[in-house]
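There are two complexes below, and they share subunit A, which is joined by subunit B in the first and by subunit C in the second.
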Partner chain A sequence: MQILRQSEHTTKPQDDELLYVGKSLQKPDVAQKVTGQAIYTDDIRISGLIEGRLLHCPHPFAKVKAIDTSKAKSLPGVTAILTYQDAPQNKFSRSTMAEALPSFAYNGERQDQKILTDICRYRGDCVAAVAAENIYVAEQAIDLIDVEYDVLEPVFDPFQALEPNAPQIHSDAKNNIAFEMDHPFNVGDTKQAFADADVIVDFSGVNSRQKHLHMETDSAIAQFDENGRVTIISPSQGPHLGKKHLSERVFSDLEDGDIRWLSPTIGGGFGARLALGLEPIAVLLARKTGKPVRVTSTREEDFNGYASRTDQHQTIRLAALNDGTITGIEQYIISDAGAYLSHSATTSLVNMQKSLGLFRCDNVYGHVKVVYTNTPVTAGFRGYGNAEGAFVLQQAIDMLAEKLAIDPIEIRSRNIRKEGEQSFFLPCVLEHTRLQECMDEGSKAFGWNKKFKGWNRDKSQGRFQRGVGMSILNHASGAGGFLLEHSSAVMKIQADGSANLVISPCEMGQGILGAVTQIAAELSGIPYEKIRVVTGDTDITLFDIGSHASRSIFVVGNAVANCAKKINDIIRECAITHFEKRQVKVKKEDLIVQGGEVFPKTNPETTISVREIAHDEIYNFTEIGSQISASGAYLSTSHHPNHQAGFAEVEVDTETGHVTVLKYLAAHDIGRTINPLLVESQMQGGAVQGLGFALKEDYVLDQTTGEVLNDTLLTYTAPTVMDVPELKNLMIEDPYNHGPFGAKGVGEAGVVNPAAAIANAIYDAIGVRIHSLPASPEKVLAMLQSGGREMPNGASHVSGQRL
Partner chain B sequence: MKTIATFHVNGQEYDTVIEPHMVLADILRDNLNLTGTKRACSGGNCGACTVLVNGRPTCSCITLGMLARDKDIETVEGLASTKNGLSTLQTAFVQNNAAQCGFCTSGMLMTAEALLRENPQPTRQEVKIAISGNICRCTGYIKIVDAIMEAVSTLQTINNHNEKA
Partner chain C sequence: MGRVLLPFDYYEPQSISDAIQLSRDSFGTYLAGGCTLVPALRRRERRDSCLISINKIEGLNEFYAHPKKGLTVGARVHAATLLPDIWAGKRFAALHEAIEQLYPPHIGNMGSIVGNLCSAIPYYDLPTAAMALNAEIHTTGLNGKRIIPLESFYLDTSKNALHDHELATHAFCPPPQPDSGSCFKKIYRSRRTTYDSHKINAAASIAFDQDRQKIQYARIVLGSWYFRPHRYQKAEDLLKNQVPSFDLFTEAASIVLEDLKPITDMEWVEKTRFAQAKVLLRDTIAQAASRAKSRQDPFEDASQIIQNTK
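Entry: the complex of A and B
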């Protein structure tokens, strides 16, 4: 075992007693990724495989009048053509969460779309599909399908969609309201709190539709066997829930067990793969043709179709006393789902849960409305509403601090929830938080006290102005108590003493395979490099809702820990007779398994190898008489919040409006770091995505045609290496007793703070507030030129829509 | 119009049937089964499909196969050898966890490989400029730059050692 590097970033010394946990070990799947050997869906070769493509509607809102497939059918090499007439009429949602949600949130999962449709609600809605011998023929055939449309009047703006005379996009959604709800955790009386307050602030803002931009575009393979069972291969973040959803909602003649779902190597997810992608149409084409079919999509299809962050138009109001104590919070959200609901309602709910739950407050009111428009479908994205909310809330709290002349860190310190108080998920107590330490250590490492010059500092004239800003967050480590937060793992020992570990979450690059293997190695006593970890096949893995909500290290990690402890137990049990054969009398509880060897605590020189024990269990008719194996499960009943503080320093060019981030630091309340290198990788990746969200990434829709104007990687400017500032990460370690070795989640948090911290830093630099993301040069300049005039409530510039 | 064309990839010669519209990325992947080269945009905008053509980093997704015939092509599959295992650059990527989902990795490696051959001692800034056309959505790039810089210093040590010997 080689430790790749010592971590310089943790606040606590490493625990010397642990062999694997806390060490930067090489993750199991990295070597195949640097040699080109890792197999992604598009790399799979199946004999007889045919290729499927989709026909998209060119209008934002239209009804199909007539469709003629005859020319396409006669093209040599075409195997099948399906239109909306051939597809099931069942409605479903691309989000699979309906199968995992409690009833009160269930309405947030409208089943509102069909695989192929004759009523097209956005440019990109799917009308027909083709399967052909190769991709070239499939694309030609798509071009040969003639469709006559009745073009309808579209609506692109959520506020216009709410007006009484707006075109109705779904016949069962009055005023285009897809979902409306009060925050389930509203308490107290905010009206009174605002009436009694010493100070009130009010801030509105909206985020852009950041694209997930997983580098592997969507693709799915489906193949039926002779018994009518279908195998799906696709980059899914949650195949178990996917097959339940598919059988429950889409193909009513299939049962859960009729679907086997394989997820090979996944080229990035960030939440997009939590939903169904091309799987339903692949199944339909496979069934029709009797052949294995692969359906793929281009980058342009990805940009014009599914999915992006939901643009959430928010107003947050804070009421406080003169000492900075927050006494009332209100949040109003109007979210633009696009043409179908997918995750937009649940991301908006989660935004409220995190934003309204960050600070201790007795009077809380939140309300969300999610609206349909004739625009591409939006969905869940890393952070799941939290980044959208932080951008508004964290500016509001800074405005409050300014009014009261309190330091930004100080005002947050006075209001954050402490251990033993209610957590943001109200039914549960906040069992563990080191958010204060994140702020303290983060501000020290960042040099906050020197850099922040107070609210009234003299903003001297000059072209380049510098400023600093900060932001804090709370996030879940799995949504226990809300979603089906359980997971199971299986481990078995081979005759050579090596092990197989079967786990359920998918590896999208986050490194979960490595982290849980480290936990398994530490607790089973089998060396890390002798454990082969397996995932991605629903016939082998146990039920689990997939990789999301920063749940895997916590929920799956705990399941693996339970499993590995059982293995350790069995090995010790079996070892007793082996020791006896050598005339060594031992008790089970005195034995230790480590590095593949078993030895008595008091006599570490006398060892028996796990190899010998495991071999005998399989080949030598021992008493137990079976291969050493165990399964372990874990059910999480709370959200187990993790926290983070982010600090940004920017320089604004007041002539061009261009913002440069000079430095960004994040301090994360992680409980315990299982693998510092992997955690740091997650935090860096999250921060740079957050930076893109803050300053660059926009999704521009033409207001008159509904066309996506930047549908290539050239025109949609994702961060490149040149955009990366000096980045620092701190892991604030203090083991949390419910986490495996004390670990809490970390995957999503990194993306949440940057936009909020940068917006606050821009204000510190030039005195204008950012109401709309991204804070692109033209917006910053417009705000500067208008003298930083605050925009009225709810009238923020909508990204790409009103500017 | 189908033609038989010869490609020299990673030192091996392949004859394969192609059509004039086929791009190099598809020929490598579909005809020669070298799927290590990825396509993420098929428009020359992300660098995921980068291969070396006569030593120069090239977007194989916008290079017509016809134009790459009889040229010296190198792909990610050619970096490691059975004799020596992973290349220094690949090892550095592993050690720094410079590949998360791995979809940009082949392109990053090939771009870096070309840089190091041309300029064995690049500065951090030169490394950044070299990979600025390669998009990675997962890593935030820092580990990738770290990895390339680590490979630079390892190669330097090996060179110094060889010179002394």
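Entry: the complex of A and C
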């Protein structure tokens, strides 16, 4: 990875003044992970723990006529069996976002699901649950439950679901519309803009339901204590929001404080853990049995049940003048929620927000409709709508460039938002962007000018054709103003001079614990290796909406920065008396805390250790003792967008349709890199996940049975290391005033551009536009065979071939 | 849907006879790497209550590859065992390539070659490759030993020609002809219906005459289309006594296509499947022929001369 400094904008402190920030330090949890010592939910052993399993409906749409649990109950070792009759009738959404969203940006999330149901809306809906002395008995008991179903006619396609005579999946959702809304920031008059335009382009596309593929499948433990308080242990990306949602929507007899939520090591999230999983049923079984209960799921249950990226069918229209100025943008989205709404509405809204806000334009119109089908529930996924939108928008802008014979980079340069203009989150001004620099430096490093031969280049006749494409994005560094974007941190100094840093974000592998520790070390003066992070316990950590939206480094990082500055302040204050005891007269503002030592700026040889100061503060027998501690908070009121440009070079086998990515380069507007190693890892991981989204990961349902056809890692072909091309990442650094040390988010952006850039590169190579993801060989070949005229016909879950 | 395994009895016999005895007494199922059996148990496609691991049986871990003696693979041998072997790579290239391309790669470390061949899963790669190498399955059962050519080994999906309690002890590929080469290739696709397949695979063995001018022998196999891989004799016959050329290979591939039936009723899906199969077959035959033509192995040739002299 290369870091390019935009030096004219660089503010203090300079890198050479920093001890930790900007360094590739090792993550605090890395040793546990690589030695297998890390404790995941499934590793936890609790005295008296019993195991729970779920009975899933085998039909895509059915009503339970009768259920007989007598045989299962008589099986030795079975502790409890619950059916829909024993579960609360409260409806809830697996998405916890309803608790973090203001009404102005969002007209309400349907709470449409029950823990156990008698109306099964997809293969995998939960009908009954068993708790038993061990998982094998629980599994056997599941087999002994007899259920008689009244099988109903299902509908798998969102467009068919919208037809007047389609089966009604939820009785209170007319025409199966789960959610419908105009873009909250529609402006101007697009009809007029299109009427006045010199050029109009129109492009439609849809993405597949990419799976998160977190290595740890879903698991949850629940245990009630003698006071009726419940402890939940599960891999959650947002436990504070989770417990609020659980008490608010699911268990009306529980208050927020009645729930303690522990998140041990998390085996990957990618957005899937930003929702309730098995926690509600674990709580229900624990309450029924009075014992701690763990409920687990298998990989196949994860594929068939929950969750994946939402397939969003989109049409984007652009109106422009002959000089390439975009004068109107329209976006229409029909999203397939699956059987329940979950995150599908919010991801669609975020898609609109990012897609419609990337370019400067006075006439914007967006509309989203989310539809129920009898298919597994979809969810939030890294990028949260942005990757879905970029795939369509970035092809549309290339089509516009081709019509006007303008270079792809040039047309984007003419239209991107500049500093001081309104941001994509319209109420806020765009305070900082280096997107132009991302395009400039990225194209230079990629060799764009040599590789892109122009729109009218002659396509050679060989079997293997090469092409290049690019894409740009804006993404949030936390959704301030849209989500409840605040976080708090606590730091305390132990008697040995080490520190505990109490923070809320969950470590899912992204490395956030290490990055914020670097910030804490830099600003507090406590050495990095002496700061221990405490997280994953809602009884200890302060409220925070979780690890998502590329928010942690920005929002939590700022909270930690504020906290660490206070600690530094207190240490210097306390140090004055220690210096006086040694007959050294100093002022607080003249002192520096660094590497666990305090010393005057003018006399760095005279030091007092933080250890000594901290020890004396605690073990103070003569005056009022107190441990050095501080808390810091941060409230974000804007999105503080980060930006990125992605460049791809591909080779297409025109005889088989197979696409090979030869090279991928991303240039990211990061503000400042806190830890280059972690940033590089995020970028590489994002690029590979984006490559899978673009070319390989195809979530396919049988259109007659609703069965997921590739529900294992044998048949769901995620990219392996053999598919990874030459990857290069550029960090465009220019510290942003509001970020901790100038940092902006980077967690999600890497996954957004690849599909769009690869699709544009495929077009450059063979002159065929890709309308549905993934661009699998047979789809590319089908398009080639028809000269790009005929698109594969099918239903949405067959990778959106309905288009 | 894959679920948690149900409890089962588990045995680890030390000899083939003990294993067969156990199988007869308990109606247990033999377990090698478990890459097919365990997922099937989890999906409740099978409900075996007794598993007999063969992984402690002496003699089933034999692996031997030699250009003049053939390839012997015991039932315990994991697929990845073949990868570092020079003769497996040079003279049994089709099988070597199929193993190299196993997806996900971990299967190579867990799964056994014989287990893979015995599974009779329509989309598996090793049966296609092994059939091109004229493989046979050697067994021991209640009635003694048998040798079953791979071509007649598959009866249906997940059903092979083994009798009750009979144990496949090893697989054998005869030594390839002197100037021959083999190849394996595959293309991944998306499954569209329950009965669809998510890939196409092909393998070929080609041998030239002494002058390396004309094709003397050909085996062409296409897999992941029907319930088992198939040889296509008409295409093989077309190649015999012919000078290799791109057009010849294309014609051979076209002849194979004449015998194929669509899998789904989706027109565009089948159109692309047939087009990909044609390219796959053509390229596989061409690569095998190229290897045969360019084969140069002084050590092997010297061994041949010494043998002939004796």
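Everything that follows uses one rule, which is that the second predicted complex is superposed on the first by the 767 of 803 C-alpha atoms of A that agree within 3 Å, B and C clash if a C-alpha of one lies under 4 Å from a C-alpha of the other, contacts with A are read in each partner's own complex, and residues count from 1 in each chain.
FYI, contacts are C-beta pairs under 8 Å (C-beta built on N, C-alpha and C of every residue); 3 or more make two chains touch, one makes a residue touch a chain.
Since the structure is predicted, the reported quantities are computational estimates derived from the model, not experimental observations.
Colleague: In the overlay, answer first, second, both or neither for which of subunit B and subunit C A:S504 touches.
Modeller: It touches nothing on subunit B or subunit C.
Colleague: Looking at A:T712, would you say it contacts subunit B, subunit C, both, or neither? Reply first, second, both or neither.
Modeller: Touch status of A:T712: both partners.
Colleague: Is A:E216 contacted by the first partner subunit B, the second partner subunit C, both or neither?
Modeller: The answer is first: A:E216 touches subunit B but not subunit C.
Colleague: Is A:T720 contacted by the first partner subunit B, the second partner subunit C, both or neither?
Modeller: After superposing on A, A:T720 lies in contact with both subunit B and subunit C.
Colleague: Does subunit B (first) or subunit C (second) touch A:Y136, or do both, or does neither?
Modeller: both
Colleague: Using the touch definition from the top, say if A:T298 reaches subunit B (first), subunit C (second), both or neither.
Modeller: both
Colleague: With both complexes overlaid on chain A, does A:A687 touch subunit B (first), subunit C (second), both or neither?
Modeller: In the superposed model, A:A687 contacts subunit B only, not subunit C.
Colleague: Is A:T375 contacted by the first partner subunit B, the second partner subunit C, both or neither?
Modeller: neither
Colleague: After lining up the shared chain so the two structures overlap, which partner does A:E778 touch, if you call subunit B first and subunit C second: first, second, both or neither?
Modeller: After superposition on chain A, A:E778 lies in contact with subunit C alone.
Colleague: Where on subunit A do the contacts with subunit B and the contacts with subunit C coincide?
Modeller: Residues 136, 298-299, 712-714, 720 of subunit A touch both subunit B and subunit C.
Colleague: Please name which positions on subunit C make contact with subunit A in the complex.
Modeller: 1-7, 39, 42-43, 103-105, 107, 187-194, 196, 198, 266, 268-269, 271-273, 275-276, 279-280
Colleague: So in the complex, the part of subunit A that touches subunit C is made up of which residues?
Modeller: Listed in rising order, the residues of subunit A that touch subunit C are 53, 56, 123-124, 135-136, 138-140, 142, 296, 298-301, 304, 655-658, 696, 698, 700, 702-705, 707, 709-715, 717, 720, 776-778, 781-782, 785, 790, 792-794, 798-799.
Colleague: Quick check: in the complex, which residue numbers of subunit A touch subunit B?
Modeller: Spelled out, the residues of subunit A in touch with subunit B are 4-5, 26-27, 29-40, 42-43, 45, 136, 212-217, 265-270, 298-299, 508-511, 677-678, 681, 684-689, 712-714, 718-722, 724, 727.
Colleague: Quick one: in the complex, what on subunit B touches subunit A?
Modeller: 21, 29, 33-43, 45-46, 48, 75-77, 79-80, 86, 90, 93-97, 99-106, 109, 128-129, 131-145
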